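Below you'll find the structure I mean.
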Amino acid sequence: MTQSDRRDRQPSQDVAVIVGGGPGISSSCARLFARSGMRVAIAARNPDKPVLQNLEKTPGVHRYACDASQPAAVESLFQNVVRDLGPPTLVVHNIDGRVPEIFRKAITEADPVVALATLRNSAFSAFLVGQQAARLMLENTPNANGTKGTIIFTNASAALKGFPLSGAFAMACHAKAGLAQSMARELMPQGIHIANVPIDAAIGWKQEDGTRAHRLAGVAVDDNMADPDCIAEAYLQLHRQHRSTWAFEVVLRPWVEKW
Amino acid sequence: MTQSDRRDRQPSQDVAVIVGGGPGISSSCARLFARSGMRVAIAARNPDKPVLQNLEKTPGVHRYACDASQPAAVESLFQNVVRDLGPPTLVVHNIDGRVPEIFRKAITEADPVVALATLRNSAFSAFLVGQQAARLMLENTPNANGTKGTIIFTNASAALKGFPLSGAFAMACHAKAGLAQSMARELMPQGIHIANVPIDAAIGWKQEDGTRAHRLAGVAVDDNMADPDCIAEAYLQLHRQHRSTWAFEVVLRPWVEKW
Amino acid sequence: MTQSDRRDRQPSQDVAVIVGGGPGISSSCARLFARSGMRVAIAARNPDKPVLQNLEKTPGVHRYACDASQPAAVESLFQNVVRDLGPPTLVVHNIDGRVPEIFRKAITEADPVVALATLRNSAFSAFLVGQQAARLMLENTPNANGTKGTIIFTNASAALKGFPLSGAFAMACHAKAGLAQSMARELMPQGIHIANVPIDAAIGWKQEDGTRAHRLAGVAVDDNMADPDCIAEAYLQLHRQHRSTWAFEVVLRPWVEKW
Amino acid sequence: MTQSDRRDRQPSQDVAVIVGGGPGISSSCARLFARSGMRVAIAARNPDKPVLQNLEKTPGVHRYACDASQPAAVESLFQNVVRDLGPPTLVVHNIDGRVPEIFRKAITEADPVVALATLRNSAFSAFLVGQQAARLMLENTPNANGTKGTIIFTNASAALKGFPLSGAFAMACHAKAGLAQSMARELMPQGIHIANVPIDAAIGWKQEDGTRAHRLAGVAVDDNMADPDCIAEAYLQLHRQHRSTWAFEVVLRPWVEKW
């Protein structure tokens, strides 16, 4: 971030922070938010991975390093964003912490160390990010919609239903949903819009060549997968809702998904 | 509806049907949908009430008479809309059937005749409207979002929670929610977007003089009431969602509402 | 009911009313409640069907005719029970109104007349029965558990989830759940225990020869079906709960059921 | 535990493990389970506190030391129970991890270290206890009800609703509920009954002098508090349910509680 970047900031400009840096929802959000005139920070444990290096070519997008399960790292991320881009008005927590070691694994077989790490990486990092975001946003002046800021928690269908063979993931997703609900009841009357958005689908993102991809190689992308560009669009609409009619929980689901 | 009106219709133009004709959500929807280029039918038991006469001055809005609790009347409404405006692509059911005789009344005191009428006017009319809409929409060609049509059921917080002193209203709202959910699971995979939208608030609409009003005279409109223009905006966004990421249930709630 | 029957009643004896008279839950309840020392009324549209004639051989069980979708018939049923057995302390509404004409039928094909009848037979009859029961129970003296009476609504999984191809049934079951919840919030603080019990299973009852049967001939009874004797046992436990710890909703589900 | 104690065990005798050792639910469970003929292990971080020393005077009750947030400690607890009392058939996880530092505290003020400790003490310990219990129970022979064992998670109303000013507690309770639901779907078809029991109330237990007490000194016990003896009774009924009709989630709530 150069000095000139900093001078360009409009006082009324939205500042978005996206925590989690994959090629799906995070990348779609970064591109759409930047295209909509926001200054965008995207944070990941390893900010040098190719997907983030690529993303930073989009004007307005800036990448940051952050292990979001560490209190000091999250505090530092938000301080850096404020210094570089200004106080955030839109924060997206986009980490689900799912790891192969505990997914589709019998409760009797799941490694407790990995289960605890999942809770930390997903739910506890959401707590840390939500806390820092709330502290800063409470100081913001409400915008034309009466909103001091929007905090969106991306979630999974495991937040709605505890599936078999994924006890630790069900814990983490439910925990994140409970946190979001508590924060909504606490912070909405103070002008901060909180949303929990379980995506009841796998994600299939568009690649540069126009084909779609999924995080597991060899999985065909089809109608049963959600397009992250559409999810980003929904997030932008949530951010722009007037406080007269805020939605808290929105489940996004492909038309052919069974539920 | 004149002959020239009919000739003006663009083949690709959205046709909206709004069932229920109050000054709040129905009116806001009619105006916004028309302004967005749709041809709009608005139906009420008494289409000659001033609010609807006024509304018809908006270009593109047409009013119809329909007692939505009567199967033949609903069938006839949809036939007339198809004849006049074309097959519907967006249908909003906006009747909650709440009447003073059963609201805030002990279960021991509620009149069974009124309770049954509430079920008929709210839930059963939703069934009739949803059925006619589905029959027609299944014949539509999907639009650019992959959508053959959208059916939105306006609902109340009583769909989420059965409050004391309103057993009959809780029945009606829950019934409508159950219908919507069944239709969503059945029709979404066939290309029809179904949404249940409980409004967890009283409605305070804007009057011509800029002040806001509520259906009960003397009730002050404040931050705790939802602005129906914002609700209409949310409905339009639901209608325009890509089928990759459809929302089924969206609760809209003012920022200061307790829940 | 003979004069001597009436004289036998103990002042402290429980009086149970079961509305709905099938060979499954209603029969199991009647037998268990009678065996537990209650005086039991069982009401059905046609009280002369063999299953009820048989049931009346159980000491303490009395059968009544009642079309529970008719306000006057329900009022009359309760008057007769009070006259014959005393004021009720336990009432079970056990009608789901499911008919083949609307079950597993596309929303576009379902007959509106049958859909409305389903709402009347299930949800509206629950309203009528709940209303009469509440009026009488409010006059009861609390028993040792602090309970003036218990009203249990048997429900189905369609109360929890609107399944495809069963819109009308979803409406009816959701309506009954909404009514129960409203009554619970209203009447529990007045000493009446309300419970909604969705049975997430088909019912397979024991026949006299020890084999089990299901309402559809030819359907094999297996582990995936609920034993109505166990359901009756759960109802009795609900009735006997101390008001310090009342359960409102209990979903009963066979161990191998998918949910 | 003496050698003679061990010899006394009947092969068919239930063995209960209660994790958490307060004077409320845990003590009531220990006494009722022992009175019902079970051999009972009660485990707490500090097993020497007076309440547990007292409890061990009840015949059949044995106390164990266990920091249930530590994988090795939980594994060791279950090994010791198996050695002393036999393989468990009923396990109750009764730790909510609520500490004053995070309860009724704004999200902006809550200490992250305490928030993470709450997640560990409540949800993660439930995972550890559930895992050990499941491993052992899967080896049991089903009893007359077809049950290999029952695992009950005591929970709080924060599992159902995220209240303001308690984000970390909402996370922990939701996580425990998600775990329970996942385990239910996974283990019920294998013969283990899983239950999540949110107690929507404060607990007011009976003291030796007949008066009731609450964990906060000076809080008067009234009708709005749940009697833990009644909760223990509900747990015993859950354990004894036939697998034809298992309840998974039961919310227990005093009659006068608002919800």
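Should a chain be cited, it is by its letter among A, B, C and D, assigned in written order, with residues numbered from 1 in that chain.
The rule is short, and it goes like this: a residue touches a chain if its C-beta (ideal position, glycine included) is under 8 Å from a C-beta of that chain, and two chains touch if they have at least 3 such contacts.
Owing to the predicted nature of the structure, the values given are computational and were not obtained by experimental measurement.
The chains that touch both chain C and chain D are none; no such chain exists. Relative to chain C, the chain whose mean Cα position lies farthest away is A. For the two copies, chain A and chain D, the CA superposition rotation is 180 degrees, given to the nearest 5. Inter-chain centre distance (chain A to chain D, centres taken as mean C-alpha positions): 35 Å. One finds 32 Å separating the Cα centroids of chain A and chain B. Separation between the centroids of chain A and chain C, computed from CA atoms only, is 47 Å. Looking at chain B, residues 185 sit in touch with two or more other chains. Applying the touch criterion to all chain pairs gives A-B, A-D, B-C, C-D.
Partner chain B is touched in their complex by these residues of chain A: 146, 185, 188-189, 191, 193, 199, 201, 223, 225-227, 230-231, 234, 237, 241-256, 259. Contact residues of chain A toward chain D in the complex are 71, 106-108, 110, 112-113, 115-116, 119-120, 123-124, 127-128, 130-131, 134-135, 138, 158-159, 161-187.
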